[in-house]
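In the two complexes below, subunit A is the common chain; its partner is subunit B in one and subunit C in the other.
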Partner chain A sequence: MKNRAPDMSVSPPRRRSKYTVAPLVLVAGNVVLFGLFFVWPAVIGLVYSFTNYTGIGAFQFVGLDNYQNLFGDSIFYSALTRTLLYTVLFVPLNFVLSLLIANVLVSKHAKGVSVARVFFFIPWLLSPIVVGVLWRWLFGENFGLVNEVIEKLGGSAVPWQSNADLSLIVVVVAASWAWTGFSMLLFIAAIKNVPVSYYEAASLDGAGPWRQFISITLPSIAPTSFIVILLNTIHGMKEYPLFASLNNGGPGTSNNLLVQYIYQTGFKSGQIGYASAASFVLMLILMVVAIIQMMVNRRVENR
Partner chain B sequence: MKTTDMPRPVDAEPARAVPRKRPRGAASGGLRRAVPATTLLWVLAALYGFPVLWFVLSSFKPAGDLFSSLALFPDDPTLAGYKAAWGSANFSQYFINTTIVCVVATILTVGVSCCTGYALAKYDNKWLKAFFVCILATTMLPGEVMLAPQFLVVRDLGLYNSLAGIIVPALLTATGCFMFRQFFLTVPDELLEAARIDGARELSIFLRIMVPISRPIMLTLAILSFQWRWNDYIFPLLMLNDPSKFTVQIGIQSLVGAQNINWSVVLGGSVITMVPLIIVFLVFQRYVMNADINAGLKD
Partner chain C sequence: MTNVGARRSRRLGRGGIRRLVPLAAVATAGALLLSACGSDSGSGGTSKSLTFWISTVPGQDAGWKKMVAQYKKEAGVDVKLVNVPYDGYDAKLRSAAQANSLPDVASVPKIDPIWANKLIDLGSIANNKSNKINGNFVAKDSSGKVLAIPSDVTASGMFINKSLFEKAGVDYPTSPDKTWTWTEFIKAADEVREKTNAKYSLTFDQSPSRLRAMVYEMGGKYVQADDSGKFSVDAATKKAVNTFVGWNDDKTMPKSVWTSGADPSAMFQSGDVVAYWSGVWQVAAYAESITKFEWASVPTPAQPVQASDVNSGGMTVGFNNNGDAAAAAEKFLSWLYEPAHYQALCEASGFLPVESGLNPKYPFKSEAAQAAFKLYNESIPLYDPVSGYFNTAQTSWALKGKTLTEDPTKVELGKAINGQQSADKALENIVAGYNQQLGGGS
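Now for the complex of A and B:
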């Protein structure tokens, strides 16, 4: 526990170890929850991923068949690449928007910050389902506000829903809109922690706002930036509800994502074993992402 | 890039005080700088606020005007969409179910997290340290990757198709434990020592002293937990089969999943589900804004 507040010599940490019953009682609830809903599912999920279990009745071990089949499965492959593409688009867009807004919100020159802040937060409060409905309403093909405006301006309606790529882009924009509030909160906290003296010194040296942002703010908030990227990547990889309500993974199955694929195979077609294997592929990807980012993060911090 | 190597000035001001202490800027350039910054701020705020505003205002339009009028404000405001949503798809039942789930789950989440966070902050033994690492591990692995086995566990516990089936698995939150742990680390150990010297037992120190002083954290976590449970979709979708047990999110999704979407009903229903969260947020926003958020702010 490295970040424990330093103890005064009055009470060395050792003294606390005589209390065993109280902490045990206090953590008991969470230990049971952790075992039941984390450890146990992880273990049986791994076991089932090597079987042909359907959720009921007997099952057989099939070795690596599920994993092999996954990579020959064009729907899985498309779900995987679509998920990666979605994440690769969503993460940078969300990063830029939330960093921009965080900077504007901490600016001492802008007026009405506390009221404006609410506008960025409300989208974050809404459920992905409602966000999906809302953007589907704005980007409807025959009725949506966006197409109405385009037509009023003399353009022709854009096939937001029937073109697979446009439909993905609408989700990316909707997701970035909805998640700005969250990333922004982390950035604001980080920016406020940069010592003012840095900026004062830079001002004296004649550095303008942009120069200060590049040379002071950005390097100082690097650790937070990595956390934001990491959390958004994880969030992007497991997105499904937003797609469910915005375009239902469509047109057709073109925008089915991994979690939707897991849901469909596991619960719609009852292939629990196969769905578990797909889950472990998703988990491995997330772990690789997390490890890479931790390594990068460590390098940045040690520089 | 060099700035990160800069030694921290000894007299660095405490982080929280920073914005206030910033020099109020040369009065000469005040307005010149205020105009672009304020304009940018409000253009962005309008971009973020407009979709919601348009959506909410549209929900008051009569069904016939929904697709014909581009007017921002409805000419002829009506509550027909709301009445249809509330009456039709069992919406009132979904609303009650969701409220039960949110309230019960939130109270239990706060309780469990408070106990765990306190134990992790104030007691020292290797098992607690190991458990802390385990809790950290849960943040790395989103629940979505264990949907199928979690479903089986819930089913085998006999909780399938009950509200308990979506409440109980949700009580384990790393964020909640972190928030309480961080808070209790800032409470001086001398306070505990003093109480012990006065003869207080461990659990009564916790219940009588620590629980009351952690009220701000409780409130913050309660708001977050309420939001998570209110907005949850996948878990209720898997665990509930009986339409009379559905939550509002499933209700809305079943409306837009239909062949012919009745937008009037969908808009009304969606706005109804937004209202409780927005009220909770506006009332308690200073707690959410000031939450000491760290990496774990997710359920």
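Now for the complex of A and C:
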């Protein structure tokens, strides 16, 4: 043993080399791709946001004009408000549904858990456009299955598409259906990591299932809950394809969301500079959401 | 060393990764929003291979497929046909022009100033007297260079559910010489709906072209520019647009088509809608797809103007990618517009020909489809000249470096039907959109 000590002092340089170069090599590919396809477009987008670039030809720097115009644009505020409303409806619904299903599926009394997991997860694998088409078949105002059933039962067709609020609710439900599987998987993994001994001790103390859920499960999975809320919030704020396929932002422009507004101004109207400014405002909003999440998460961890 | 490693590991384990995830997610979100769509086009062919972009509905690509296969057999040139979705086709062509990767040949909906200067002169084809190409639809620049030749001619048209009309015992005109007015048509369609318990009297494509056609027929000019290049609408247009908005009452017409993008064609094909205002290109598809009821094309209404919105179904262009490919593209198009080949294209694709003197024998088994083509071929010569205004104007705008990137008609009228604004306000906004994009000296 004594003889080994000097050897150890000689070998570290080789080890350091091995353990410092390998990770760099492994990470380099991702760093290059991330830089090329994410960082560079983001930087270019930021530059465009200070220009009058139309997507074609030369452009001029216009300073903060795009941002000034944006904050005076009622359509932008309307889209932002609708986006926030959608997110506020979608995130809690998705959270409750996925947590509920996860709890049921980790129960020792549950049967057919594997099949159920696949059943709930499949919608998440579908393209949002496919989800939109499926839900349009269900909630199409004119020939959708739900209205057909309502009319067959003697009721009147419900304006699922031509009423702005109903139209939004259909999208919220469709999005929750599609995203519940993903959140459910995260919750299942988190719940399974809670030591069984906690529940055993709680049972001995006479705590029922509801008390155990409130006092053990919820606090134990708090970090995962925050991740789920954050991911769903970011997803909600960026939603577009589901609206495009379900109601095209309608009726009229009532359900135009922020990303649709960015797409239309940028790619349809050729105002790339203006749309880039709107993109950056959206990114700043998302960053604020992320920072708040991190602060809350840290506080919960420190308790 | 070990301690440091453990400390790092613990830090990550206690929330480091969780802290990184949000930041990475946000960075990804922002970057994704700003990433432009890429172009995967292959182009810049040689004399032995060409790339040909089209954008068409199923059924109408049959002719193109047939012709490129025949050309491969006859000339040994491999023409790669790429069918691009219509939504975004303009944008894809623009991206390709910017990336210098335009196809060699394309069937385009309109000339775009972005790539207009890259077109090869098709004068030798258009001016070839044996081709008998209708010069009214050929796009030329001020020097007489032929930029594009239509692949076909299209027009808005009315489809009816013949079974429902017969069930209700309501008559409809069959000859363009004895057509009906919109008022008579709506009255008849409402009567059919009421007698047969159909859901709607009419579905109407969410399309500026279809609206233009209806406005023309009601005596309006829709949005046109005066000599100074300023756009406006006339009183007849206002009246027609107000009438159109009023029809969207969820009885005569479903609101959801113009307000939230419901599919009018699917509604008509369900068999529960009396009539459908669309275009001649639907005929090829309906010849096969509608089997649960009998349908028919009926003469377009005249109130009092007999008109439609007549367009080039597609404008065939060649791009000057390189010497070899440009020569090969022109040779291919020259071959394509030889009357025998062009007739074969029209027959297989169900095109109304831009060349006169042809007698296409469409391969439809459907009698309705055959009758529809006969009707359209009889109708088009009767249409008022206003019917071709927009088609000609588009080329004129493009040659002045302007383009109607986004026709505000759909959005503004969608808002009007949804009650967000009046029809008159919608027209004001549409005019403003035209003036913003095209106004001033056009």
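Rule of thumb we're sticking to: the second predicted complex is superposed on the first by the 277 of 303 C-alpha atoms of A that agree within 3 Å, B and C clash if a C-alpha of one lies under 4 Å from a C-alpha of the other, contacts with A are read in each partner's own complex, and residues count from 1 in each chain.
Here, a residue touches a chain if its C-beta (ideal position, glycine included) is under 8 Å from a C-beta of that chain, and two chains touch if they have at least 3 such contacts.
As the structure is a prediction and not an experimental result, all values here were calculated from the model.
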item	value
Fit-or-clash call for subunit B and subunit C when the two complexes are aligned on subunit A	clash
Touched partner set for A:Lys268, first subunit B, second subunit C, both or neither	second
Partner chain(s) touched by A:Lys152 [first = subunit B, second = subunit C, both, neither]	first
In the superposition, subunit B vs subunit C on subunit A residues touched	B
Partner chain in contact with A:Ala290 - subunit B first, subunit C second, else both or neither	both
Touched partner set for A:Arg299, first subunit B, second subunit C, both or neither	neither
First, second, both or neither for A:Leu36, with subunit B first and subunit C second	first
Subunit B versus subunit C as contact partner of A:Ser167, first or second or both or neither	second
Touched partner set for A:Pro251, first subunit B, second subunit C, both or neither	second
Region of subunit B that runs into subunit C when the structures are aligned on their shared chain, from 132-140, 168-176 or 204-212	132-140
Residues of subunit A that lie at the interface with subunit B and also at the interface with subunit C	37-38, 41-42, 44-45, 55, 143, 227, 230-231, 234, 238, 248, 259, 262, 267, 276, 279-280, 282-283, 286-287, 290
Sites on subunit B touched by subunit A in the complex	1-4, 6, 8-9, 12-13, 15-16, 18-19, 21-25, 30, 33-34, 36-38, 40-42, 44-46, 48-49, 51-52, 54-55, 58, 66-67, 70, 111-113, 115-116, 118-125, 128-129, 131-132, 134-135, 138, 140-142, 144-153, 157, 168-169, 171-172, 177, 185-186, 188-190, 193, 202-203, 206, 227, 230-234, 237-238, 249, 252-253, 256-257, 263, 266-267, 270, 273-274, 277-278, 281-282, 285, 288-289, 291, 293, 295, 297-298
Residues of subunit C that touch subunit A when the two form their complex	1, 14-15, 18-19, 21-23, 25-37, 91, 94, 98, 114, 199-200, 250, 254-256, 259-262, 266-267, 270, 272, 405-406, 411, 414-415, 417-420
Subunit C-facing residues of subunit A, complex	12, 37-39, 41-42, 44-45, 55-56, 140-143, 159, 161-162, 164, 167, 223, 226-227, 230-231, 234, 237-238, 247-254, 259, 262, 264, 267-270, 276, 279-280, 282-283, 286-287, 289-290, 293-294, 297-298, 301
Residue ranges of subunit A in contact with subunit B within the complex	1, 3-5, 7-8, 10-11, 13-14, 16-17, 19-23, 25-27, 29-31, 33-34, 36-38, 40-42, 44-45, 48, 55, 100-101, 104-113, 116-123, 125-130, 132-138, 143, 145, 148-149, 152, 177, 180, 182, 185-186, 189, 192-198, 200, 215-216, 219-220, 222, 227, 230-231, 234-235, 238, 240-241, 244-245, 248, 259, 262-263, 266-267, 272, 275-276, 279-280, 282-283, 286-287, 290, 303
